[in-house]
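In what follows, structures are represented as structure tokens.
The same subunit A turns up in both complexes below, where it pairs with subunit B and then with subunit C.
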Partner chain A sequence: MADAGVYLYGVAQDLAPDVLRDLTGVAGVPVRAVADGGFTALVSTVDLEEFGETALRRNLESLQWLEATARAHHDVVDAVARTAPTAPVRIATVYRDDDRVRELLRERREELTEVLGRVVGRVEWGVKAYGTAEAAPEPPGAGDGADERPGMAYLRRRRLERQSREEASRRLAEQAQEIHATLSEYAVASRQHPPQDPRLSGHEGTMILNVAYLLDQDRAETLAAAADDLAARLPGVRIELTGPWPAYSFTELDATS
Partner chain B sequence: MSVGEDVERAVAVRQDPRVPPSERVALVDLLDRLLAGGVVIAGDVVISIAEIDLVRVSLRALITTVREEYDDILPH
Partner chain C sequence: MTEVTWAGGSRSASPQRSDGPSSANLADILERILDKGIVVVGDIRVNLLDIELLTIKLRLLIASVDRAKEMGIDWWEHDPTLSSKHSDVIEENRRLRERLAALEGGDGNGRSPAAEEGDGSPAVDKGDGSPAEEEKAAEKKTAEEKAEADRG
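Then we have the complex of A and B:
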């Protein structure tokens, strides 16, 4: 490979070397370790024809490329995170060579220790909640104004519709808040993601919550039971759990400096 | 289907070594995490990917692609 770069998936702590054996990464290339002082950077050698700056700008606009790369990146992080505390790195982080990665491990030692300490023995679960903004029942008296002038009836109907919409969105916000408040009890940390675009997720109804919770590993069942309770109690609300995820949403460190 | 059953199923599937983990994962959930989560480290001189607004770029790509698929399906 004439122009090669080093793609970084994440950093693990105290990783057994054989975990990376047989792992395939982005672009179908093997995954290897760059280790320094107890930290292992998970890397692959990649072709800059595909992973250089110009190529990345173009490739990230291709759904097919993005999906293949995202899934490959995730498979590596996920396999490793099951065996050792792992801080995933954002997709498409590429270095010049192994020395630069080793330098990173050394420079960021303190922050990595802190981040990995936060996620050890813990997993991320995603919770998405959907509400239905179904029309409120027609208020009594509406529409029976037989002696009312048409213009007045129209205005009154519009006002009632607006009130009903406002009422529905207030109810959805309250439901979201209640779900989050309840489920937070089971988590050591949480992070809100923006609601997903229904064109991408294909969901029905209104996504009222898209949160990641960081849990102690053994609390998933409790969280799921609590989510079931909430869904049964709150009218029109559907709750979906995804996970366990590597702690993607909880490994942020301000390392852009 | 209850959430509890979802979790049981998810855990069972994920413990099955024959199923690659990513096959259980919806792309949109993955992108929530891979584009907005994870450690953000300034890339090397090779690229400065942190400067690219990944979420915007990628979602635009996604939406465009999805629309194209719809356009293909829908009668003209």
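Then we have the complex of A and C:
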């Protein structure tokens, strides 16, 4: 590779060296370690033809490239996070060489210690709630306005429809709050994400909640049981759990300044 | 009904399913690795906030956020646990929306530049909110209402 860069996936603490063996990263290349004082940076050597500045600008616009790279990035972080506390780095972070990565580990030692300390023995679970079609109340019976003139009955029906739509929205927002309030009790921290686009996620119904919870590892089943309970109690709401995730949403560290 | 999807493949705590890492939803992965995690400046400077990312950001993020806001749902903007990074994303969405409006208005016909270029770049999806579609929907509705009123 004439022009090579070092792609960084994340940083792990006290990682056993053999975890990276046989691991494949972005663009199908192997993953290796750059270690410094207890921290291990997970890296791959990549071709700047694909990961250089110009190439990245172009490639990040392609959903196909983004998906392949995102999944590869995630798979590496996920495999490592199962065995050691891991802080993922945002996608497409590329360095000139290993020395620059080692420099990062040294300069950010304090912040890394703090961030990784927060997620030891913990996992992230995603909870999404959807308002389904049956949440909308039945429109009032057609016979109600039988003795009214057609125009009046029509206007009245329109008004009632609008009111019931507004009420349905309000109820969904309340249900979302109740779900979050209940599930927060099982978590040590939470982060709310904006709703997803159904064209990407493929979901049905209206996404009324999208939260990440940071849990002690052994609390996952308790959280799932509580979610089941809520779903049974709240009509017209579907709750979806995803996880366990590496603690993506709880390792934010802005080291750009 | 609660659905449980194990994002990370088999793990000791997974009692039910383990579909392997690739089973995770792309939307779930992207919202995490585009906006979360440690942000450090690499030597290859691609600042995801500066890059246009028209395809990804406009089509996949803004549309859903606007739709939810229309319903009065905007929980993520008031979450006290949100970091400042997140408001950056909201702000970024606003800037991108402005830029899209400028691009679409630029040629005077309301056609997006992507549509003119043809196959080169992916067309910007205007979603259900585009003026043309709204107009069409409104016409259709008027016709339906008229038919309904005539019947009654």
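In this text, the second predicted complex is superposed on the first by the 239 of 257 C-alpha atoms of A that agree within 3 Å, B and C clash if a C-alpha of one lies under 4 Å from a C-alpha of the other, contacts with A are read in each partner's own complex, and residues count from 1 in each chain.
As a working rule, a residue touches a chain if its C-beta (ideal position, glycine included) is under 8 Å from a C-beta of that chain, and two chains touch if they have at least 3 such contacts.
All figures in this text were calculated on a predicted structure; none of them were measured in a lab.
Engineer: Label the relationship between subunit B and subunit C on subunit A in the superposed model as either fit or clash.
Structural biologist: Subunit B/subunit C on subunit A - steric clash.
Engineer: Name the chain, either subunit B or subunit C, that contacts more residues of subunit A.
Structural biologist: On the superposition, C touches more of the residues of subunit A.
Engineer: Figure out whether A:93 sits in contact with subunit B (first) or subunit C (second), or with both, or with neither.
Structural biologist: Both partners, subunit B and subunit C.
Engineer: Between subunit B (first) and subunit C (second), which, if any, makes contact with A:37: first, second, both or neither?
Structural biologist: neither
Engineer: Of the two partner chains, subunit B (first) and subunit C (second), which one does A:248 touch, if any: first, second, both, or neither?
Structural biologist: A:248 sits against subunit B and subunit C alike.
Engineer: Let me test your reading of the model: by the given contact rule, A:121 touches which partner, first (subunit B), second (subunit C), both or neither?
Structural biologist: Touch partners of A:121: none, neither subunit B nor subunit C.
Engineer: After lining up the shared chain so the two structures overlap, which partner does A:228 touch, if you call subunit B first and subunit C second: first, second, both or neither?
Structural biologist: both
Engineer: Quick check on the superposed pair: does A:28 touch subunit B, subunit C, both, or neither? Answer first, second, both or neither.
Structural biologist: A:28 contacts neither subunit B nor subunit C.
Engineer: Could you give the residue numbers on subunit A that contact subunit B in one complex and subunit C in the other?
Structural biologist: 5, 8, 10-11, 48, 51-53, 56-57, 60-63, 66-67, 70-71, 73-75, 78-79, 87-96, 100, 104, 108, 115, 126, 191, 193, 196-197, 199-201, 210, 220-221, 224, 227-228, 231, 239-245, 248-249, 251-253, 255-256
Engineer: Could you pull out which subunit C residues touch subunit A in their complex?
Structural biologist: Residue list for subunit C touching subunit A: 1-9, 11, 13-15, 21-22, 24-46, 48, 51-56, 59-61, 63-65, 67-68, 71-73, 75-76, 79, 81-83, 85, 89, 121-122, 145, 148-149, 152.
Engineer: Hey, which residues of subunit A end up touching subunit B in the complex?
Structural biologist: 5, 8, 10-11, 48, 51-53, 56-57, 60-63, 66-67, 70-75, 78-79, 87-96, 100, 104, 108, 115, 124, 126, 191, 193, 196-197, 199-201, 210, 212, 220-221, 224-225, 227-228, 231, 239-245, 248-253, 255-257
Engineer: Given the complex with subunit A, which residues does subunit B contribute to the contact?
Structural biologist: Those in contact with subunit A are residues 2-4, 6-7, 10-11, 14, 20-22, 25-50, 52, 54, 57-63, 65-67.
Engineer: In the complex, go through subunit A and note every residue touching subunit C.
Structural biologist: On the subunit A side, the touching residues are 5, 8, 10-11, 48, 51-53, 56-57, 60-63, 66-67, 70-71, 73-75, 78-79, 81-82, 87-96, 100, 104, 108, 115, 123, 126, 150-151, 153-154, 169-170, 172-173, 176-177, 180, 189-202, 206-210, 217-218, 220-221, 224, 227-228, 230-231, 238-246, 248-249, 251-256.
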